[in-house]
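Two complexes are shown next, each including subunit A; its partner changes from subunit B in the first to subunit C in the second.
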Partner chain A sequence: MKTISSRQAGIILCVMLLANKILLLPSVLYEYAKADSVFILVLLLLAEIGMVFVFFQLKRKYPNASFYSIIQTQMGVVFAKILYFFIFLYILYKILLVYNVCYMYFRVQVYLDASFYIFVFVFLIVCNSTVLRGLRPLARCMEFFFYFLTACFIFCLMISIANFNKFPLFFDTNVIKFFEGGFKHLFCFGDTLILFLIMEKIKLDKKGEKQISKYAIAISILIVALYVLFYGIFNHISFVHKNAISDIITFSYRFTDIGRLDMVAIVFVMFLSLFQISVALYIFCDIFKKIFNAPKDIYGLVSFDLIFIGIVITASLDYAKTIAIGTVIVPYFAIFLQYMLPIICLILSGLRRREYNEKNS
Partner chain B sequence: MFFNLQTRLKNFKKQLNDADDVSIKIVQTKTGQKVGMIFLRSMIDNQLFQTGIFKPITEECDIIDMDKIKANLLNISNTKQINGKEVVNCVLDGGVVICLENSNSYLSADLQKYTARTPAEPPTSAVIQGPREGFVEDIKINLTLLRRRFYSKDFVAKQLKVGKYSNTKIIIAYINGIADKSVVKEIESRLKQIDIDGIVDSHYIMQFLEKRPRSLFKQVGSIEKPDIVAAKMLEGRVAIIVDGSPIVLTLPFVFLEDLQSSDDYYNSHIYGAFIRVVRIIAVLIAIILPATYLSLRIFHPNVTPIKFLVTITNTTKGLPFTPFFEMVFISLLFQILYEVSLRLPSYLGLATSIVGALILGDTGVKAGLISPPGVIIVALAKIALYTVPEQAYQLSILQYLFLFVGGSLGMLGIVGLIIYLITYMASIDSYGAPYLAPFAPRVKNDLKDAVLMTNLRDMKTRPQSFRNKNFTRQK
Partner chain C sequence: MKKIADALKSTPILLALVFIAVCFFPSAIIAPSESSVNAIVTAVGLDKNDQDYEVTLMTFLSRPNQSYSEQYEIISCSAPSISEAFTNASLQIGKNISLFHTHTAVVSEKLLEEEDIASSLDYLARVASIPQSCILISTNVTSKQFLEFVQELDKESDINLEELLFYTSNYVLWKYTTISSFYEGYYSPVKCSLLGHLTISQGDVDGIPIKNTENVVGLGDNKDEKKGNSSSESESQEQSGQNDSVKNGSSQPSVSDETQNNDENNSNNMKQLQIINDGSCILIKNGKYQVELTKEQLQGLNWLNNSTSGSVVTLDNVSDDSFNNAKLIYKVQRKQILDRFEFQNGVPVYTANVKLYLTLMEVNGTKEEILKSKEPIYISETVRQLIEKQVKSEIMNSVEISKTNNCDTLDMFERFYDKKRTETRKLMETENIQPEDFFKNVVFKVIVSIFPV
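Presenting the complex of A and B:
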């Protein structure tokens, strides 16, 4: 099996952690918790980092096993298939979410009069072709652009410092709203699940664990910085600005002579969205293979394309509908699939080992 | 029982299809013994034949057996006894085969000689500083040019013959103790598997060595200068010299190699690093600039800086073509001029440039057929292609591909195509070397000689992007 290095796994995690957090989420969260949304973010990012450590534990126990085979061993074949079916739906939802949020963003920012089919065409062609090449080339491609993307992100943050208005006012929300905001937007988090779903393809050692943790912590800090800057720049009108990473630079009046600096953010989001969908699509195909015993990725890809076209074009599942589904139904699945399932697997494996040890002794 | 000398030689000539340049000579020694000779007139050194073979046999030899003849051919360095089955091949190789009456053994003397170019500076690898000699079409000279750089017993040169009719000589050269044996074996077995009628140039071999022969991207190094090949061999690569070609192939190959030049190592490493950055920027300009300009004009005028947008709008007013066709038209115009200037004799080159630049370009702008920004952008992109001459053709195709995508899908299409290409390149493996190494996967050690190159003294190890027997370069 072609594996990926821990550095590449760390980069995939970074890219996935950025998914759905840097465009719409800051403004949506503001409606619930105002500037305290930063704390929601910090809490949920800490949970993500916590899940990274759960991943390390599980990987240490089962160095070469897949998450599917672990669930199968712990809970049985039928249960594993059912759980994976839910994960399958969840990943599909995540892809649609990324697609819809980015589609809306590009539409507003750079493609004012372009046809809708341009987006469907580009996303499907690029993601299908990268998935067909396999995880390793995709991971290498992300590794190739990692420094460029990091530089773009840091550039956006640095430039926006010039617009920083005043420090956001914290502790200005009631607790219920705070937790409601967090819970309802769980669908934008839990991206560490990706690591579990590709765990058999990651070559991990002690040094690798450190490396992945470092990447996860570093990217979390950058995301928190983005939120603080965003709320510091827009304060009470934060809920109006739906494209955080772009808007913090668009209004950078000090640099307008150079042109629209948010082009950096636009290119950054283009790369990021294509990577995020490609990784998620790869996992979608992998899950498809496991559930339906499909011999090749192409079956998963064709099914995805049909579902995607069906949902996006026929059922016209747009950005607003996707988020509505996300806030109402998805959090319950998310909390179980993202956090509870890996922890249950870890506990069960510990119990099984204890039983085994007791029997042997 | 032995056949008559004349009959035997005629038999060999018959095997060579009675070719006109096959000569048969039967001479007598001082003692009157008959000695037969067969050779190709067009392939041997006639002067050496007279002084080194004809004279000693007819005037000095009193014979008579093969060993005595061999002892008399002092001027001929390469002589060997062969059997009847090898005669035809030796003659074809430019040897003079000598035979005696009443003996079934033969003596072959290598007298091969044909006109060959003297080593000169290759036009595509000119350097400001550093060695100026380049490979020629003669495999012997090419091997000598390499040998001269390694006075070591570890320099290995293995010869093979490929091609049913051409029987082209191919030499696999490497440094024993540095090059990985499995890579050498893989190359050797691939070469042995080639079943083709003839090899006329190393580019024929290149296509058989590529693991993805249908790919746009070059997967085998092609070098015209011995100093570069020697440096690559010291890194653990294997060189393949093909008779009749001034291009030596090297393997394993990574994409970065063509962005490097021998000049980088002969100057200060700071300048080397700077010029590499310039080269990368040039490659990006060559591929992406026309497409980006087009996508900004068609899809994203709202993100274009306002002053730039005003200039573009003013200069493109009233053009009969759409932006896409305008760019394709200018690009094709340049491509045609390039092809013409390449094929035309040099004295006509200047005339072509004048026609191209002044008449077509300037008049085109004045007539309102093409816009000045379009001309500038295409010209800049086309010139930038040649900062990496080895990849110019591939980059040129990519340029059109990006132009098409940029014009039809905008920036998202360009980014998508970049991701597609990089993922594709990341999936290529060249004899154990990831094509995009040392960037993807990152090989920290090899980054020292990637873009921001360090001093030669700091490059203490050989590249780790591909298999090597011995990583230590200096202690």
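Presenting the complex of A and C:
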């Protein structure tokens, strides 16, 4: 089996951790918890980092096993298929979310007259061809662009420091709203699940674990910095600004002579979205193969294309509808699939091992 | 051919590239140039005539010329809503209105006085293609007249509106005055924002003049310097005429304007109009005009603003050991503000210790006096007291104006709420005070310390 290095796994995690957090989420969260949304973010990112350590534990116990086979061993084939079917739907939802937010962003920022069909057409072709090459070439490609993307992200943050207005008022939300905001937006988090779903393809050792943890912590710090800057710049009108990473740069007229600096953010989001959707689509195809015993990725891809076009066109699913679904139904699935399922697997594997040891002794 | 087919088969990404190229390259090649489809708007003006909004656009239309100069045209259209006016403007010029490069939005004082401009600006705020860094200013005439004047100014001199506003925002107001910052103030608990203010006037006043006033319609002889008398006059003239007009800067005014303003323009031809940037600004509360602050009143507030620097203190009639009725001018090299927020007997008290580091910049005195005070660090006890008194009085005067107009210009509510949250909440509950009224209850104590550098 073609595996990816721990560094590549760390980079995939970084890219996925940025998904759905740097454009719309700061503004949407502000409506619930105002500037205290930073603390929601910190809590949920800590949960992500916690899940990375759960992943390490599980990987140590089952170095070459897939997440599917672990669930199968612990809970049986039928239960594994059912769970994987929910994960399948969840990943589909995540792709739809990333796609819709990304489409809305590009439509507003660059392609005012871009046809929806052109966008779908280009996006499907590029992502399908990326997935067909497999995970390793995709990881290599992400590795190649990683420093460039990191530089873009840091550049956006550095430029926006000049626009920083004042620290927002913290601790000004009631507890119910705070937790409600966090719970309803769980669908934007839980990206560590990706690591579990490709765990059999990751070559991991002690050094690798450290490397992945460092990547996860570093990117989390940068995301928190983005939120602090965003709320510090926009304060009371944070709810208006739907494209956080671009808006924090274009706030000031200090840089108008240089030109449209948000082009950096646009390029950054363009690459990032492509990678996020490609990774998610790869996982979608992988799950499809496992559930339906499909021999090749192409079956999963064709199914995805048909489902995607069907949903997006017939249901005219835009970002607002996607988020509305996300805040109502998805959190209940998310809390189970993202956090509880890996922990349950880890606990069960511990119990089974104890039973096994007791029997043997 | 087989080799190419094999290569495409083994590398799907190449296949994707070929697909995209086949589908999009031809349409990209035959597509018309951006400049022939889009009109690039660099400034937008908003006015209101009775029920209709009038949108004025300063538009860059690219066309070949030998002078390499940028040519702008003023387009104005009226409609019951801003978006309809924009659509009409597109119809007039046969191009899409592109707001990507808009750097200035102008609103007239009249519009500010009549209605909440947040609703008027809604279209601009929603259309994300307008940069958030677009500066929002007000003017005493109609924004149409203002932009026409700016167009003439641009032709006659190298002075650029964008640079002028940039300087004012950065070195006079010390505050962003963009559409975004307007909304930030508007949606804040105190509902207060600040706008830059540029006036156009006639007569013997300081400002940047233009000689050719033919194209600036409606600025009559009897124009008052303040409060837009001329704007209402010109608007009534415009209302009776054609609503939509497209006017080239180099051409004559449109027929309707020409007939109505013929006599007026004749009398104006020999006079100069001036754009006056006197550092004044306008306080907006709930999106409406509240009060105009002069440069001096603004300076009073800026003494308590940490980011300001380079201010000047002018002392008249200084008499001490070295001077007799001399005029001394000091420059503030550095400033430090140590502030304290406390509640004394349930009353919010703000204490600001303003430390000023000053250098003597100019002496208007006798030959002997100038000789005596060569040192830039000259500050006698009398001078120190005079500066302290002046700075304090400027601060208190500006605070009083803000209190009278109920504008929390110093963000006192949020600062108290941040530092003394429990006491602030308690006071608001017991006295039933709204956040926007909190400022009126704050007692100001100012200590000024002077240090020569």
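The definition used in the following text is that the second predicted complex is superposed on the first by the 361 of 361 C-alpha atoms of A that agree within 3 Å, B and C clash if a C-alpha of one lies under 4 Å from a C-alpha of the other, contacts with A are read in each partner's own complex, and residues count from 1 in each chain.
Definition applied: a contact is a pair of C-beta atoms (placed from the backbone, for glycine too) under 8 Å apart; a residue touches a chain by one contact, two chains touch by 3 or more.
All of these numbers come straight from a predicted model, not from anything done at the bench.
Colleague: Given the touch rule stated above, what does A:169 touch, subunit B (first), subunit C (second), both, or neither?
Modeller: Touch partner of A:169: subunit C, not subunit B.
Colleague: Between subunit B and subunit C, which makes contact with more of the residues in subunit A?
Modeller: Of subunit B and subunit C, B contacts more residues of subunit A.
Colleague: Taking the superposition as given, does A:8 touch the first partner, subunit B, the second, subunit C, both, or neither?
Modeller: In the superposition, A:8 touches subunit B alone.
Colleague: Taking the superposition on A as described, I'd like to know which of subunit B and subunit C A:266 touches: first, second, both or neither.
Modeller: First partner only.
Colleague: Once the structures are superposed on A, label A:348 by its partner contacts, choosing first (subunit B), second (subunit C), both or neither.
Modeller: It touches nothing on subunit B or subunit C.
Colleague: Classify the contacts of A:129 with the two partner chains as first (subunit B alone), second (subunit C alone), both, or neither.
Modeller: both
Colleague: Looking at the overlay, what does A:143 touch: subunit B (first), subunit C (second), both, or neither?
Modeller: first
Colleague: Let me test your reading of the model: by the given contact rule, A:119 touches which partner, first (subunit B), second (subunit C), both or neither?
Modeller: first
Colleague: Of the two partner chains, subunit B (first) and subunit C (second), which one does A:236 touch, if any: first, second, both, or neither?
Modeller: Only subunit C is touched by A:236; subunit B is not.
Colleague: A:108 contacts which: subunit B (first), subunit C (second), both, neither?
Modeller: second
Colleague: Residues on subunit A in contact with subunit B in one complex and with subunit C in the other?
Modeller: 109, 112, 118, 121-122, 125-126, 129-130, 133, 260
Colleague: Can you tell me which positions in subunit A touch subunit B when the two form their complex?
Modeller: Answer in residue numbers: 5, 7-8, 106, 109-112, 114, 118-119, 121-123, 125-126, 129-130, 133-134, 136-138, 140-141, 143-145, 257-260, 262-263, 266-267, 270-271, 274-275, 278.
Colleague: With touch defined as at the start, can you tell me which subunit C residues reach subunit A in the complex?
Modeller: The touching residues are 12-13, 15-16, 19-20, 23-24, 100, 103, 125, 128-129, 131-135, 162, 166, 169-170, 176, 178, 180, 183-184, 187-189, 414, 417-418.
Colleague: Under the definition above, what is the set of subunit A residues touching subunit C in their complex?
Modeller: Of all residues in subunit A, those touching subunit C are 108-109, 112, 118, 121-122, 125-126, 128-130, 132-133, 165, 169, 234-237, 240, 243, 247, 250-256, 260.
Colleague: Which residues of subunit B touch subunit A once you look at their complex with the stated criterion?
Modeller: Residues in contact with subunit A: 299-300, 302-306, 308, 409-413, 415-417, 419-420, 422-424, 426-427, 434, 436, 439-442.
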